[in-house]
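Both of the next two complexes hold chain A, though its partner changes from chain B to chain C.
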Partner chain A sequence: MMLRWAWKTLIRQRGGLFGSAGGLAGAFILVIFFSAVFRGEATQIVAYLENTRPDIWVMQRGVSNMHMATSFVYDWKADKIARLPGVKRVTPIVYLNTIVHAGDQDAFSFIVGLQEGSSRAGPWALAGGRSQLHSGETVIPEVLSKLSGVGIGDSVTITDRSFKIVGLSEETYSMANSVTFVSMSDLTDILSAFGTYSYLLVDLEEGIDARGFTKTIMDEIEKVNAMTHGDFVRSDFALGMMMGGEIIFMMTVICSGLAVLILGFTSYTQVMRKRRELAIAKAVGIRNLFLYTAVVFHAMVITLLALLLTGIFAIVFFPFISTLVPQVTLVVSIGDLAGMAVVAIIVAAISALIPAYLVSRLDPATVFQV
Partner chain B sequence: MGSTQLLRAVNLSKFYGRGHTEVRAVHDVSLEIPHREILLIMGPSGSGKTTLLSMLGGLLRPTKGQVEIDGVNITALKETDLPGIRALKIGFIFQAFNLLDALTVEENILFPAPLHPGGLRRARPRAHSLIEQLGLAQRRKAYPRTLSGGEKQRVAIARALINHPRLILADEPTGNLDSASGQEVMMILHDIARDEGCSVILVTHDPRVEEIADRILWLEDGSLRDRKSEQHSWVRDPVCGMRVDEWTATLFHEYKDKKYVFCSKRCIERFKNEPDKYAKHKNFE
Partner chain C sequence: MFLLAWRQLCLDPARTFLTALALGAVIAVVLTLEGFEQGQYYQLARTVFNRQADLIVTQAGVSNLMAVRSSIPQLSREKVESIAGVVNAHPLAWISLIYEKEGEKTPVFLFVVDTKGGPVHMVRGNGIPKGKEIILNDSLAKKYHLNIGDPFVVFDFEFTVVGISKDSAALFTPFAFVNFDGMIDLFIETDIAPDLTTFPMLSFLLVDLEPGAQREAVAEEIERRVPEVDVFTPGQLAESDMNMGRGFLGPVMGLLVFVGYIIGLLVVGLVMYAEVRSRLRNFGVLKALGFTHVRLIYGIILQALLLLMISIPVGVILGLGTASFIHTFGPVYLIRWYEPTTFLSTILGSGFFAILGALIPLRSIRRADPMLAFQGE
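And then the complex of A and B:
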């Protein structure tokens, strides 16, 4: 009966209920939004890796990332790996982190140098033009093209060189990162790294265990690191998330504090407004414990409603935001939502403390006041 | 405590403040209430009636003295044990009805029911019976805001009775009602004492309630005095001419071997200043 009373009291004030839940959802959405931004960025950082998807990545020993990393592997090592039994194909790429100047836009970019005539390791989705590259040509992200106003046939500058745009790629642009393709010969020349590659994409014959084969490569080829595709992606993704981890943590703390204030204030005003009814309940013999339960129940219902609103907002509006602002990639994970739910429940419990104290101090004799 | 006494209050006092600011809301009140008695406590506003009722109901701790209900000294109980006493042994009826807005008539009546060992299951037939008995059958699903004052008070009475309490404490139960509804509520309270075997303590200054009282106590300045309902001794204040009950009056003055009764301190002062002027007036009716 107590919970029935608590529930009916709450739904009688729908405006207050949805107002409080909306405010709380606002705080939760901020946390989820920032988390989604960083997860989206981290996802974009590994977009190139995920879409090329070899069985094994080989790089210079001591290197275990592509993002923010430099790697040199001699070309003869690629030949040696290609000759190992079980290897179907080795695709070398040359790689550089630098700025692409397109029109009035500067975009930080993974510059990937591709062997001429090779379709492996190039753009996986084209919005226009072609992906086969010759010297002096480039494929830039379609989003960068839209933002900068340059298109196929126009030029962009990478380091000190001008490249003619021959293709526009999809899914290769985010706020913090993009992927630009040039020919390997041009990039090798820019780096003055003749006779070397940056990474080797190793495809294995069917049935060969990739994890076991990484050990074979490292045993057979000196001074290289070999990682399975999964390990390499996880390593880069973790690096991407790490870069935003502190900001996400700070935002979570700030927004959780905000949520405690909103929910605490809501519960406080609810208790103050209903103190006569709470005093009646006390007078007729309802124990404090049940009244605390009612207060916590209110906080929990508002919190669950806020979580529901947050979930709906994330599912319905986040994709819309990504469509509207293509350089923003938002990725919401179930783990983030579950983490948010745990934080929300802790917030609800904390915010019910002061109202619960007020309930305990409530004088039941006030029921005689007219 | 004798088996015939349901409630016993011994030297009950409640003081607020200290030193010069001390207010004696109730002072050294002792009373006993047997089973099935309707006791009316009357007195002017601010006389301490509600404070006394709060202490008898375990809602307020006395400064001194003790209250026993059904042999249990509730003043010695811990704060955590008092809700159980209030839930099972006492039913409260208030002037302001104090119904819960969000609950229907039936839900309001059942609100304290889970506190009884039998719980809601046992209470539902009881609630139905009370609803019928108190003429609320058509209003079972109605919310308090749609009820008349009399209906609200009947709901409050049903709520007070749901857990079969031995004692009903009613604070100005007719205070917010018109005369017809007030009369109806009075008769319900009378029937409760007869049919339910409850003792009822009524605090009011509504003289109509005297009709149903077995005993009337007069509380003034925090102290009690006995008074039988049929005993009035009406006299007139010699200064202002207002009718005053000699039984309950507290302001007296003797002049030339004659006792005069006054309604207020102002009148007694004026009398003392010019006694001959006022003494010629006939004091007794």
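And then the complex of A and C:
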């Protein structure tokens, strides 16, 4: 009976219901947004790895990441790995993490140096131009081209070198790490890294166990680290997420506090408006437990509606935001939404304490007050 | 109307308090978001200024201190120091590396210093690293429970922690400081670099000028006589790094702040909607007494603004608490909302959205019939 009363009260005040759910959803969206930003960035950080997808990555011993890492492997080690039975192909890349100056835009970028004439490890989707690179040429992300207004035939600057744009790549832009391709000879020159590569992409013959082969490589070649593609991607993704881990946690706490206040305010207002009805209920002998159930139900309905709005917003509008603001990649996971649901239930429970306290102190004589 | 709006707020102090708390929390969240963004830019600028140089020399074509590769030929130092007005040119380099302990990884900017450019604010210990000594940022020390005398192992090479510094982080990344001997030992003993020339052993020069020397004139002279370098004042380089940060963080933070304001709008709207709904009879009475719609709306806006005025100090207190909470749990982040422009823009933005929110129950006011005054509840 009390639940029906609570439901009718809510339905009668649709403006208030949606207003409070909207405010609450806003707080939840802030939390999801932070998480989605870092997940989006972490996804973009591994975009290059995911799309080149060798069986094994080989790098300098002590290195297990690409993001913010530095690795040097002697060129003869690549030759030695290529001669191991079971290896189909070894593709070396040289890599530098720095800024690309394009027009008035500065973009953090993975600069990947590719062997001339090789298409392995290069851009996987082109919006225009070509992917084969010669000295002095570059392929930049299409998004960077749009943001900066420079296109094919124009130039960008990396450290002190000018590179002519010959291609525009897709799926390679993010605010923290876009991917820019240049020729290996140019990047080697910039790094003064003659006779060395940064990472080796090892493709194996059909049927060879990659995990087992990483051990073979590390046994046969001194001072290198070999990781399966999956392990390497996981390692970089985890690093990307870790960089935002603390701030995501703190924003979750802060926005949850905000949500408690919004919901607390709504529940308080509802109870104060309906205090005479609640007093009547008390006067006719309805126990406090039923009244508590009603206020908890009230908080839960608003919270669930807020969660629903948050989910819809995240699923429907987040991809749209990435289209409007291409610098931002937002990725929402089911895990994030599930975590948000747990937080929301805690928020609802805490918020219900305020009206529950008011109900417990409500005097049945209130009904006779004018 | 002002008196009426004020009395409405005084009628139910508990409700007004709760409302002010909710609005204050919204203001605190927006201040925190704005402060978080400003804090990142400030950290970038501080990184430049904390090197305490009169001029900073970079590789030609490089106009940032952070997040870029700069490599200057070793001989350039001598050339720079030979220019009139220059007292010293202190070498500086940095590399990014990933520190890993017990499976937990953290990217670190490792600054390599000689006679200048080290940490400015020490929490404890020595501010000048020697040999295999290292100074860590406090967030890094806190995260891994490291203290003075503890080993800090990177690439199987063991440094000893001799100092903990603060205010030494940027781009969500803590700094550590070693000297050039330590870096060369690290490279040689660990094979981190097959060839030492691979790493930029000299990335920047921190130039001290003679008293009275003209900075711009000396900078021009250095660039003329040492064409492989560019020269910046700390202010120019800080601005350049902040611009880089704005390009990186601006779009995301802009979106977050916008969402914050929308929450504020909804909260004010919700408050005023509840207010109007609970006072429909009063509005009916006021209309019967000859109050026009415009005056009633004016009263509602006034009430929203009064609420906002009460909420601002609440928001400031909550903002201070939030900043302190963030700094305690993640010292690598800096919340800097107390910049006058940031604070003022947040208050003005909140005021704008408070007025917008107050207009949400407009329809209900219009529908308030004078006859309601005579109806029973």
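To be clear about the criterion, the second predicted complex is superposed on the first by the 367 of 370 C-alpha atoms of A that agree within 3 Å, B and C clash if a C-alpha of one lies under 4 Å from a C-alpha of the other, contacts with A are read in each partner's own complex, and residues count from 1 in each chain.
As a convention for this text, contacts are C-beta pairs under 8 Å (C-beta built on N, C-alpha and C of every residue); 3 or more make two chains touch, one makes a residue touch a chain.
If you're wondering where the values come from, they're calculated on a predicted model, not measured in any experiment.
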item	value
Fit or clash - chain C, chain B, common chain A	fit
Touched partner set for A:228, first chain B, second chain C, both or neither	neither
Superposed model, chain A: greater residue contact from chain B or chain C	C
Touched partner set for A:261, first chain B, second chain C, both or neither	second
Touching partner for A:12 - first (chain B), second (chain C), both, neither	first
Contacts of A:242 with chain B and chain C, given as first, second, both or neither	second
Touching partner for A:325 - first (chain B), second (chain C), both, neither	second
Partner chain(s) touched by A:97 [first = chain B, second = chain C, both, neither]	second
Minimum C-alpha separation between chain B and chain C after superposing on chain A, in Å	10
Chain B and chain C contact sites that coincide on chain A, given as residue numbers	276
Chain C partner contacts - residues on chain A that touch it in the complex	13, 15-16, 19-20, 22-23, 26-27, 29-30, 33-34, 37, 60-65, 67-70, 72, 74, 96-99, 105-108, 157, 159-161, 175-176, 190-196, 223, 238-239, 242-244, 246-247, 249-250, 253-255, 257-258, 261-262, 264-266, 268-269, 272-273, 276, 321, 325, 327-328, 354
In the complex, chain A residues that touch chain B	1-2, 4-5, 8-9, 12, 276-277, 280-288, 363-365, 367-370
Parts of chain C lying in touch with chain A, wherever the complex brings them together	12, 14-15, 18-19, 21-22, 25-26, 28-29, 32, 36, 59-62, 64, 67-71, 95-98, 100, 104-107, 154-156, 172-173, 190-195, 197-199, 243-244, 247-249, 251-252, 255-256, 259-260, 262-263, 266-267, 269-271, 273-274, 277-278, 322, 325-326, 329-330, 332-333, 360-361, 364, 377
Of chain B, residues touching chain A in the complex	50, 53-54, 57, 59-60, 80, 83-88, 92, 94-96, 98, 100-103, 107, 110-115, 120, 159, 171-172, 175-176
